[in-house]
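Given below, in the form of structure tokens, are the structures.
Paired with subunit B in one complex and with subunit C in the other, subunit A is shared by the two complexes that follow.
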Partner chain A sequence: MKEAPRLLPLLLCIMMLPCLSGCWNYTEVDDISIVAGVAIDKDGANEKIQLTAEMVDIQGGLDQNQAGFKMLSLTGNTIFDIVRNMISMTGRKLFWSHAKAIIFSEKVAREGLIRTVDWYSRDTETRSDVFIFVSDEPTAREILNLNSTTKTIMSFELAQMMRDEKYTSSAPTVEIWDFIDKLETLGNHAVAPLISIHEQNGQKNERVSGCAIFSKDKMIGKLNGKETKNMLFAKDGIKGGVLAVNDKNGVPTYSLEILSSRTKVKPKVVDGKLLLQVRTVTHTGLDEVMTSESFSGYETISAIEERAGQALKQEIQSLIRKMQQEYHADIFGYGEIIHEHQPKMWAKVRDHWDDEFAKLDITVDSKVIIESSAKTSRSIKLGD
Partner chain B sequence: MSKEIIPAGQSISITVLFIIGTSLFMGSSGQSGNSSWIALIFAVALAVPLMLIYTRLHVLFPGKDLYDMLILVFGAVAGRVLSCLYIWYAMHLGSLVLRNFGEFSKTVALTSTPMVAPMLVIGLLCVWVVKAGMEVLGRSAKFLLLFTVMVIVVIELLSIPKYQFHHLLPVLDSGWKLVLSDTMGSFTFPFAEIVVFLGAFNVLPKKGSAAKVLVSSTMIAGVIILQVTLRNLLVLGPDILSSLYFPSYVAVSRINIGDFLTRIEGSSAIIFVTALFIKVSLCLYVASNGVAKVFKLSSYRSVVLQMGLIMVYLAVFIYKDIMQMQYFAYHIYKIYALPFQVAIPVILWVTAEILAWRRSGKKTAAQQ
Partner chain C sequence: MENTGASRNSGQAECEVSSSQPLSLSIEDNLALVQRIFSNDGTLRVRFIENNHGAPLRCCLIYVEGMIDRTLLQNGITKPVMAYPFKEEERSNPAELIEKLRTEIITLSDITVTTGLDELVEGIVGGKTVFLLDGYAGALSISAQGWETRAIEEPTTEKAVRGPREGFTESLLVNLTLIRRRVLNSDLKFVFSDIGTRTKTQTCICYMESLASPEILAELQRRLARVEIDHVLDTGYLAELIRDEPYSPFEMLGSTERPDAVVGKIMEGRIALLIEGSPFALTLPYVFVENFQAAEDYYINYYFASFNRFLRVMGAFMSISIPAAYVALVTYSQEMVPTLLLLSIATARLSVPFPTVVEALIMLTIFEILREAGARIPTSIGQAVSIVGALVLGQAAVDARIVSAPMVIVVGLTGITTLLNPRLTGPMIIVRLVLLFAAFFLGIYGYFFGLLGLVIHLMSLRSFGVPYMLGVGSIRPQDIKDTAIRAPWWDMYLRPAVIGARNMKRKLPGKRAGGS
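== the complex of A and B ==
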């Protein structure tokens, strides 16, 4: 009997050994397949979903200085079904935490994204900070397949592109998170960047430019890169980019680099009618002058500012007009702003906001300020 | 054995961690969308008078815990029946909290580990600390509170770049009705749950001020929860917030400092565990103490292990799934908890006041 208390701790220690080693779900890195990105298509023949995964190949060996990739494609009824069935092809469980891009084909987008997006935001193996794209080509997988010609992991390259998008502002950067957020908020329509294959001199490259417009979760239209930039202006999403400005004869001459831009949207109720004032203020630097005629003196700088502001105003206005008349889609989030600042008015219009938006009176006012002219103070002078 | 007394600082730590325990990861009830922070302030304001009632009980019965009071005031039989109710409440609350943790680890952290494994480990840890005594619990709470507050503040600072202040507009979007309903929700869960601490009033110093402990810990916990709720709201927005089971975890996962400091939600989950550990331990202590008082045991220590195992087991089968858990926490609990948190203590207080008044009346009569 005296032995018992001494044996008990020993017994406990032995019992704890298997529990404390932390090997319950132990997985070695070579037992998983790391997913870099996926493309989701509709399989033409039988209306099933086709999922193509681009995976990092970690068994590259020492002689390669860059990680390889592997492609895998499978059709099925639901996304999760396909994801699990892929194990039968890789023999390893897919690891999703490092995935960076999801590309939807236009067909999938037009039929509604809720069906395909839900798994990704719900499942615990995935992370919601992955970028989403809509393919401008017939299928989504051919974009991922470009990796065989560019020899890089396409999804990681796309993610890098999205990170640098702030220097061009020709496409919105949309994480799956923002997308779902937009779907859930009333008075806001979602957008997603468009991705296409750019072919020149036989060289194929992926190109992200423009955006797809959604109504609810269904894609209804496209904007090109320039329109997308104006859209970003209209919703205070500009972080950088270039404004090309004509000279007084209408020839593109000046480039203004956008340093910072702010858009203020003010909803007003006048005589029971809703009015929206959009004001943009853009700070720029003059970075290119394609003429030898001097711009010396304050006069001309302010003339450039004036002309740039006018052009920007007109472009934004025509884009808003287009959205109002063609698509009835409030991609600018103006409904949300009205909701926040005029809750009483919003209660009246919220149920038929799309129609209300189409009739809405929106005035645009743009101001461009040139703060600097980079390294040189005047244009290149022609000597004799 | 000697009587355990813990100083005010430690009991404040215990109660603060107890209050914020589940709210840290479950969030507060959020039917009112972007006005839930208003509801929280109301709930704190409502909780303070209740705390004063609890404190008054400590003044009337110094050195006694809830069970002693019940038996003293309502007599041996009725007092014991009410005590049994409180034992159930403490047990049940402990199980709910354990289950929250179980669901949390099953959903986000350890997806293929059976839920009972982490719950059992935490449960056994709580058994250990309760067996070691309230003094140990008090000291560990003091240390853990420092740690928890530090982590919360750091995370708060790191999430500032993700704040979108327009999520707060328009103020009172959903109307007063939902705000009031949320006030009730936040009042019963988590603030008035502190009624459990009444069962451990015997560890407060006899002459010490219970008001200081209860009111200040309500305030501190209120500020912490308010801060966490506001952060979740500002980062996630009211629409998404309502669809998440564990909003804090998701909000932290949004942190991205220069593509360098990312994916820190796993580390932040540690504070959920520390707060939960204190909460379950206190529930376990109060339940065991109650059993000891009702059955006149010489020490509560002899029933801690049994109660702890029952608590873990109850946590395993108390809900069918996470949907049921959420429904219970936000819709049923605020009605279920009211008698324990408000009705019985208030009746106890009124009766005790009458008794005390009569006694003093008799005393003055005898003096004359």
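== the complex of A and C ==
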């Protein structure tokens, strides 16, 4: 009996260990329905939520090279209610860990996303690294329904698209945790990429370009692809992409591939007034010259750099003006930067930051540096 | 060898003749005694020799057919005894005559005078030729042994691309010679004893006096003295009888067929144990990392040797982990599998009737059946096994949707990685199954719980007082020089810790004979 008091804590520890292993349960992998992505719409008739899930269909088995898909749509009052009711249609529990995309219709976004996003971020079976989109079409489900024409799992394609977004920088990549984080911080406004259907020659394709702007959790406006790129410049979010530069006659001639870009935002207080300096430094490579003239003789590199910097500066400036005047929305996160650098000033403006932002004096300075001209140093010359 | 104690000889008590009976003067009486002991033994040969060149002399040779070299017997005993012209005065004094025979007439070496019957019998069964002289109450026990042995061949279980190709044979003396030839130093000791109350198998402890730890040596001798068994046919018997931790699946004594490997171990301060009739030598103390060492590691480039060691360690880990990790991931933690991989596993598993763990058990069992079948069949029908294994059971089972294709890959990988470590095959099967069940019941958590248990078990083992995990987890360079890597020889200047503690220094640190 003397041993008992010493062994008891040990036994208790061992008994408690299984509880620490988190959420798990025994399921065979072929007994689950893997959700690839969801679209959330408002059912027109009765204002209920309509949830459309794109599911991976493994029924094709080994004979098919590619897994198929299955669409499931259900309306209900709450999201979780719909999700659980879906079991009655699939016969299997939905498996959310591999979902890649969540698409909201514009109507849902304009009414406020907190209502619909909460379940996804709260539930233990879903992941918070799912990509978030706002549909530029009337409904969100028609984007997912595109899979019947492309014959691929649309959500996985969208996720792949977001991973390659760094080469174009025409849409922000936003994961759901990031979106919620922006909603919760003062001095920052959330954005989400816009997704539309691009139709040409009867061929329908999805296209991610531009972004939706949110005020609190409600969508208030849209930016197109080019504006989105300028927004990314202004908030230090550029990872790549192309800068098109005109020649001295105003004809688009040069393409600069963005190798790296850094944006520094400096808040200053001059005479009790808040000033913001935005400086961008972009390293690029000259990747296209649409002229047969030798560009080094035709125009010097520094001239191209100069013109590119000027153009970029103007574009960024006009976007910032637009945000200040039209939307009163600080999508760049400048409020947070002021909070960091000028905490005293921030304390004064934080409660009415949106109005302050609209009045803020922001100067932009852009510098573009051309580092190389790819494989050749001259233009293509026409032979005689 | 002579004084093995009275209890050891209890087997002979069944004979009517008392073992301690002295020999008589009459050659016929003595012969009758011996023949009664060897009744129903058709291999006993008796050959009378008479010499009538001088004073007549009657004597006889007793030996066991097949244990002696006939040429030696003829040239060394029969001929000289027959031809020697004995004088009358010599004939009249048997004691002097025996002395004369021993020193002047019989040309063979190793002759002893025996007077007791049991010594004489022991000599005969040991292959000696016993020389009885009429009128002398004693005998000469002459070594003229010679029997057929297997030639020295390359050991089949431990092949090396580079390095010595000699392997031990079943003959103890040949084996000892193989060791002795590599160590021309009187410091190398061979201590004989016999084990097995009925077989009296010769065993030999072999060590370097100045290197081996006296405590470990004493412990080994104490354990050998405690062994009670009537027969020993292979060192495997002894390994099981004298090992530590009798219930652990892991080997606690090393065994090798290579004399160079034995010498290497002896030179580290270890002790080797060989027995007559077994080509496998035991080495002790044994530590865990020795499972991953191959003799060849020490002969080839150290980068390559270290790479091979790394492969073996990884192979052992994979071999115990792959089925368990697969089951845990596929049945519990599907979120941890990359999406596309999960899809292809799910697709493959569709319409497979069994749960994943049953699938794993079926395939692992089939693999073990194939392994066991392949190990003992003649090589000529070995191909049939591989065809049945690969085609019928692998391909057809997948086509028939009885098992899924990923499971075949999992079991195939498990099997291949097992072959990397022949010494660990046995323990790994057990560990693999334990981990598999742990993963089945508790998922990833259970798998890690099992691994933890394995580490705790390994850490608790001792071989002759030396920690089994010696050197594992140490950060001292001289401790890890010969574990998962094989350091260059010029950098292995100390013997292994604890085992070589008696004389740590192997060479001067960092001293290279070649250019810098």
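To be clear about the criterion, the second predicted complex is superposed on the first by the 356 of 384 C-alpha atoms of A that agree within 3 Å, B and C clash if a C-alpha of one lies under 4 Å from a C-alpha of the other, contacts with A are read in each partner's own complex, and residues count from 1 in each chain.
Criterion: a contact is a pair of C-beta atoms (placed from the backbone, for glycine too) under 8 Å apart; a residue touches a chain by one contact, two chains touch by 3 or more.
Small disclaimer: the values here were computed from a predicted structure and weren't measured.
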Clash-or-fit label for the pair subunit B, subunit C on subunit A: fit
First (subunit B), second (subunit C), both or neither touched by A:R127: both
Touched partner set for A:K204, first subunit B, second subunit C, both or neither: neither
Touched partner set for A:V56, first subunit B, second subunit C, both or neither: second
Contact breadth on subunit A, by residue count: subunit C or subunit B: C
A:K93 touches, of subunit B and subunit C: first, second, both or neither? neither
Which superposed partner A:F156 touches (first subunit B, second subunit C, both, neither): second
Partner chain(s) touched by A:K226 [first = subunit B, second = subunit C, both, neither]: neither
Partner chain in contact with A:I34 - subunit B first, subunit C second, else both or neither: second
Least C-alpha distance (whole Å) that remains between subunit C and subunit B when both complexes are overlaid: 6
Shared subunit A contacts, counted only where both subunit B and subunit C touch the same residue: 24-25, 97, 127
Contact set on subunit C toward subunit A in their complex: 330-335, 339, 342-352, 355-356, 405, 442-445, 449
Subunit A contact footprint on subunit B (complex, rising order): 107-108, 110-113, 117, 121, 166, 169-170, 173, 237, 239-240, 243, 250, 253-254, 256, 259, 263
Residues of subunit A that touch subunit C when the two form their complex: 17-18, 21, 24-30, 32, 34, 56, 58-62, 64, 67, 95, 97-98, 100, 127, 156
In the complex with subunit B, residue positions of subunit A that touch it: 19, 24-25, 97, 124-125, 127-129, 163, 177, 180-181, 184-185, 337, 339-341, 343
